[in-house]
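To start, the structure itself, in structure tokens.
As written, the chain order gives the labels A, B, C and D, with residue 1 at the start of each chain.
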Amino acid sequence: MAEERFSLRVPAAAAYVGTARIFGGAIARQVGLSEDDVDDVKLAISEACAAGVREDGDGTIGLVAERDGAILAFEIVGEDIPPPLSDDLVATPESFRRSVGYDVIRSLFPDAAILSEGDRSGRIRFAVPIGG
Amino acid sequence: MAEERFSLRVPAAAAYVGTARIFGGAIARQVGLSEDDVDDVKLAISEACAAGVREDGDGTIGLVAERDGAILAFEIVGEDIPPPLSDDLVATPESFRRSVGYDVIRSLFPDAAILSEGDRSGRIRFAVPIGG
Amino acid sequence: MLEVNGEVDIYTAPKLREKLIELIDAGNDRVVVDLEGVGFMDSTGLGSLVAGLKRIREKDGELAIVCTSGPVLKVLGITGLDRVFPVHDSVGSALG
Amino acid sequence: MLEVNGEVDIYTAPKLREKLIELIDAGNDRVVVDLEGVGFMDSTGLGSLVAGLKRIREKDGELAIVCTSGPVLKVLGITGLDRVFPVHDSVGSALG
């Protein structure tokens, strides 16, 4: 079991992506990540939550952070995080926007996982070493 | 049912009171409270969470905020929020500290409720009118 | 000149896009976006800058960015947009 | 003179108390706590100030506060501690 567990749930509306980002940044700073790592965490959370935002503002976005020894792991869960695009799919502006976001997450955290359950519901995971 | 619901859960350690305060402040600002009201919310959350902090750092503190029409209601739940002191109780420094905190919450939000279930587990509730 | 402040994410990016397009449609064909007051920007914010760039290019105009913030430069670098926009370290150099 | 910065809550209050007591035990009997850099303070932070006050009174000393921040003044007012501590609006006035 994780030594410390943090969780947050906000409406899946654009207005609250910043709330989740601030929360994640505060945890990252509190467990002792460097300011550069804190910035990376905030960016990845922002991208992940943006992927979970619904036009109608319904549904929720969940953010869980777990510190386990020297690893801080994040998971963002949304009812509306679609799987990454396959290359042959015709991109809508909306799906293009999301794929840029996924790319940003993966370049910040190469081991990031974008997992989908069915068509839309999904979770995005990434982890950061503490003091690494 | 509330129109918007926000929740957070952090370890019941002193280090994360600030995280809860920042989260509550961000929500308060986002729903449109004045900066003065945002400050009051942050102070009340800080006092409530401080009451829920456990020396051993075990357990968790939960914060739920619900916007329902023009009301933003907060609830802080902890496994270790003791009931307010009765006056004839001999105060330890610890219980005195908590009672000052409860007084601060009640002077900020006169309708605040400090509810206890049994001896220690408790919840603190207060609400703010939005645009009031 | 468009001075941007605060955090640019999926919530605030539409406002940035709107302001940029307005500025360009008002006839400005050399626009400098000053990001020095921006504490945070993600790819949705970059999308607004790209939308401005596309609009201004239709009019053969130019869009430059002023930015010295490490985190903002980082997301510009990750997306490759630092090669699409001229990025300056001061308003003077952007206008010069 | 003790300059305090950041947010003072249950996490940081013990450090404030420690520093204050140290300063007093080092022989300072007129201490000014400058709270101008404090963005947030709750009753646990006030508890540290009170602890300092008690210690300095044992030595017939005085502890004054410099504070102009609305939220910090508010919590001082709620707890009545604005009547216990001399509160000044500048370091100059506290020392004068």
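Throughout what follows, a contact is a pair of C-beta atoms (placed from the backbone, for glycine too) under 8 Å apart; a residue touches a chain by one contact, two chains touch by 3 or more.
All values derive from a computational prediction rather than experimental measurement.
*Asks:* Find out how few touching-chain steps suffice to connect subunit A with subunit C.
*Replies:* Contact-graph shortest path, subunit A to subunit C, evaluates to 1.
*Asks:* Could you grab the centroid distance between subunit A and subunit B? Build each centroid from C-alpha atoms only and quote it in angstrom.
*Replies:* Distance between chain centres: 27 Å.
*Asks:* Counting in whole Å, what is the centre-to-centre distance of subunit C and subunit D, each centre being its mean C-alpha position?
*Replies:* 45
*Asks:* Could you please state the distance in Å, as a whole number, between where the Cα atoms of subunit A are centred and where those of subunit D are centred?
*Replies:* The computed centroid separation for subunit A versus subunit D comes out at 41 Å.
*Asks:* CA centre of subunit B versus CA centre of subunit D: separation in Å?
*Replies:* The separation of the two C-alpha centroids amounts to 24 Å.
*Asks:* Using the touch rule from the top of the page, what residues of subunit A touch 2 or more other chains?
*Replies:* 15, 18 - these are the residues of subunit A that touch more than one other chain.
*Asks:* Would you mind listing the residues of subunit C that make contact with two or more other chains?
*Replies:* none
*Asks:* Which chains are in touch, pair by pair?
*Replies:* Touching chain pairs, listed by label, come out as A-B, A-C, B-D.
*Asks:* In their shared complex, at which residues does subunit B touch subunit D?
*Replies:* It comes out as residues 14-15, 17-18, 21, 36, 39, 42-43, 46-47, 49-50, 53, 97, 100-101, 103-104, 107-108.
*Asks:* Which bits of subunit A are touching subunit B when the two form their complex?
*Replies:* 4-11, 13, 15-16, 18-19, 22-23, 26-27, 30, 60
*Asks:* Hey, which residues of subunit D end up touching subunit B in the complex?
*Replies:* Checking each residue of subunit D against subunit B gives 7, 9-11, 40, 42-44, 46-47, 70-71, 74-75, 78-79.
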